[in-house]
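Take a look at the structure below.
Order as written gives the chain letters A, B, C and D; numbering starts at 1 within each chain.
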């Protein structure tokens, strides 16, 4: 896994091409408009750090809403998050269709992102992940609830999306807008939802926050599981007011800073 | 662990020698016929990535059926999967005997592979592994069952091979064709089987698929264990139709791609 | 992560500047007085090794009391422990205010350190950490107790700080002196205390000892959890006399030595 | 962590000095007689690979009986196993006293080794380790038993050494010959014993075997714990005859080979 560093001449060149259409090494047009370049760089970092931390496996993904056009969002083409580069980022509309004729294959579950951005104007970033510690809750009948101070954002027991209700017998994937809308409905105004036997979606008001949230949701799941196994019914959860007050944290900026520097040191 | 990269002149040389007998650094003849060279390279990668991911310890192995001769298969000599090179690959027949007079010592359990390829013409690749999370199921009386979307291929509760039934009191290893045939019989037409107190076999229609399957079987085992411990009898498993529909995935191509690039970055 | 090594000429230079004000790369004054330089170097190491060992995440911190002025202590500014350098260390008083006009932002929970140093003249170093294995105890109703020979220092069941008692509904953080004093009161004369749904504080008579203690408290938590889950009520804890006799160990010098060399080898 | 490789001229030099007293970089005499040089090199490797694999923490140790003098054994001075070099190896007698006037401080628990070598002429190598998965059994009232094919050497439920019986209230360490003899008595003719709230001793007929045994005892502990938690009373253990037949394995040569190459690749 490599990081994106430029020094000297390369940095100058990057400034000069600021208003041009960039061509990636493989000749694909880079979807991001120049004004979105910073967002795309950060999105690449988020892909790498969430892989490094075990939040994303080869199949998870993370997206960010375009600041230049709030009806669009950025998401990598269908490659593992751990190896995404700027040239792999596609700009999509709410129907999860590329907006600039980009013909690269997209993730089959990109509809998760499009439908959540459509339904939730407050959402600026979305993670879809499959960490085993979290998935265990989705099939256990036990609600995942905030009980650690970094996961107050969860607010209360998370909803679980049962794809059978929306699609009957499926391959478990959110392959179209209809399933995406059903998932967005289960999510409602909440910060996250589990997908039964599959994973989770986590949303946030920024890329840094959604990265921190998805990591600490995983930590909270480990703590809740172990506390339940040891303590049975006596587990102490956060009070709603505690969760609400703890929710904003520092925008998870310190976590982002650590992970960014750990990537750079690799 | 090093990977197999060739650039420029080396690549040309590789083409030129395409019809020759290759000599490995240690002087052993490379068993693979020229037309099998691509398969052997991929097999080396599979050995390395399954070690990197904790699927294979020093004693597990992975094989692939020869495309040039479907009655033959490729499997490393008796060294750890993590350090296998092309020169270590042996071509075997269904009796698990080397077909070209290769005198290198083979894995004592190579009969697992030979007998499964003989019994199952649909099988193109076989993994034999011992991940602790999976082995725990083999001695627990609890069937390993698919409940995560990446492991639908498991179809339903996996059979468990009890070597006492086939061989009485043994050293637990599949040391001959008789035990290999008994194991193949327990496997039947299923995608995987557990070996009591020992490990698992996983089969597939390609090397990429068997690599992905053996990894996600391990993930499924972790999730099932934790869900059972938390949720008791209320665990939600995949319906047979869900498992069947989710089984093919993307041929686990995205996982293979990630692991290959992670190896190259080491 | 890089370590702080100096050889030859650099070492000489370091001696020569021993009585000067050092300027860090970013132009910030280094808070440590020259006589405290050794303490600050060790504190940077402690930050790095506790991150390497999973004791500190992006949000934990570690401090040491100043040898030159026992009413002061050293603690990093509000950056992740894993990336702290000498230039990031601030000298604080018991009110957790910088003593030299350092204007860098401090950790919001620096009051943990100030109030413990004020209340406990015997304490020379403090760790505040959030390892999931430990946090699980804080919400389980099960007291964390010493049952492994490296954690005898725990003495007996650890107190748990319930922030609701001191502050009602909060964001769970020790954001001021009042909460810091309440925590110090819960800690009393003990070597550690848990913070419900949050983490732990560990104190010690030296930086090396507090590093070893916080690591082996985490190990003890894993062992206690697993033993309880397997053995139910039959778990064997250390007798108070055993714990007392085992408490001092070797000052955890051998652990510090290993971790320091592992950092240097990175 | 670096490994000990010599090529070309260095190898020749090593042969030439074969009959001389070697001086280590720090000027300490190397305790090993020339004929023991190979044993000492292997012992250094064992120290490193057992640290790499999580068998040894900063405080565990591994020894080997001298081939030149069966009344002596080799063990590192009191530094972490992970950073041991040839110059750190001391030659001891059964009273755990250095035989050549070596004045380096030894491990306080070196008596474990001396008394086991004295009591068990068949033992050629000893590991003393503290892996949490194993220690949990020592305080749980649940006997650790072989149920995985790589751990048949365990034979049956392992004895647990209760230091209270031999020494009353102690600091839990085997600090003298009396405690060492009591431990050796609990070990009896078995391959391993647990020390309550502390760790384990594992013995074997060679260094390679004791390395493999201590690693796979740890794996067996994980599997047994998880199987017990899932399956309750229905766990299937190895029959004594199976354990006996599986015990010898390949002398764990393939595991040693993997770990040695992984160290070299670091």
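In the analysis below, contacts are C-beta pairs under 8 Å (C-beta built on N, C-alpha and C of every residue); 3 or more make two chains touch, one makes a residue touch a chain.
Keep in mind that this is a model prediction, so the values were computed, not measured.
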Shared chain contacts [chain B and chain D, defined touch]: none
Self-contact between copies chain C and chain D, residue sets same or different by half: different
Between chain C and chain B, distance of the C-alpha-averaged centres to the nearest whole Å: 46
Rounded Å distance, chain A centre to chain C centre (Cα mean): 32
Touching two or more other chains - residues of chain B: 228-229
Footprint of chain B on chain A - complex, ascending: 1-2, 57-59, 78-80, 82-83, 130, 132-133, 135-137, 139-142, 164, 169-173, 196-199, 225, 228-229
Touching residues on chain C, where the partner in the complex is chain D: 147-150, 152, 219, 222-223, 226-231, 234-239, 241-242, 245-246, 254-255, 257-259, 261-262, 265
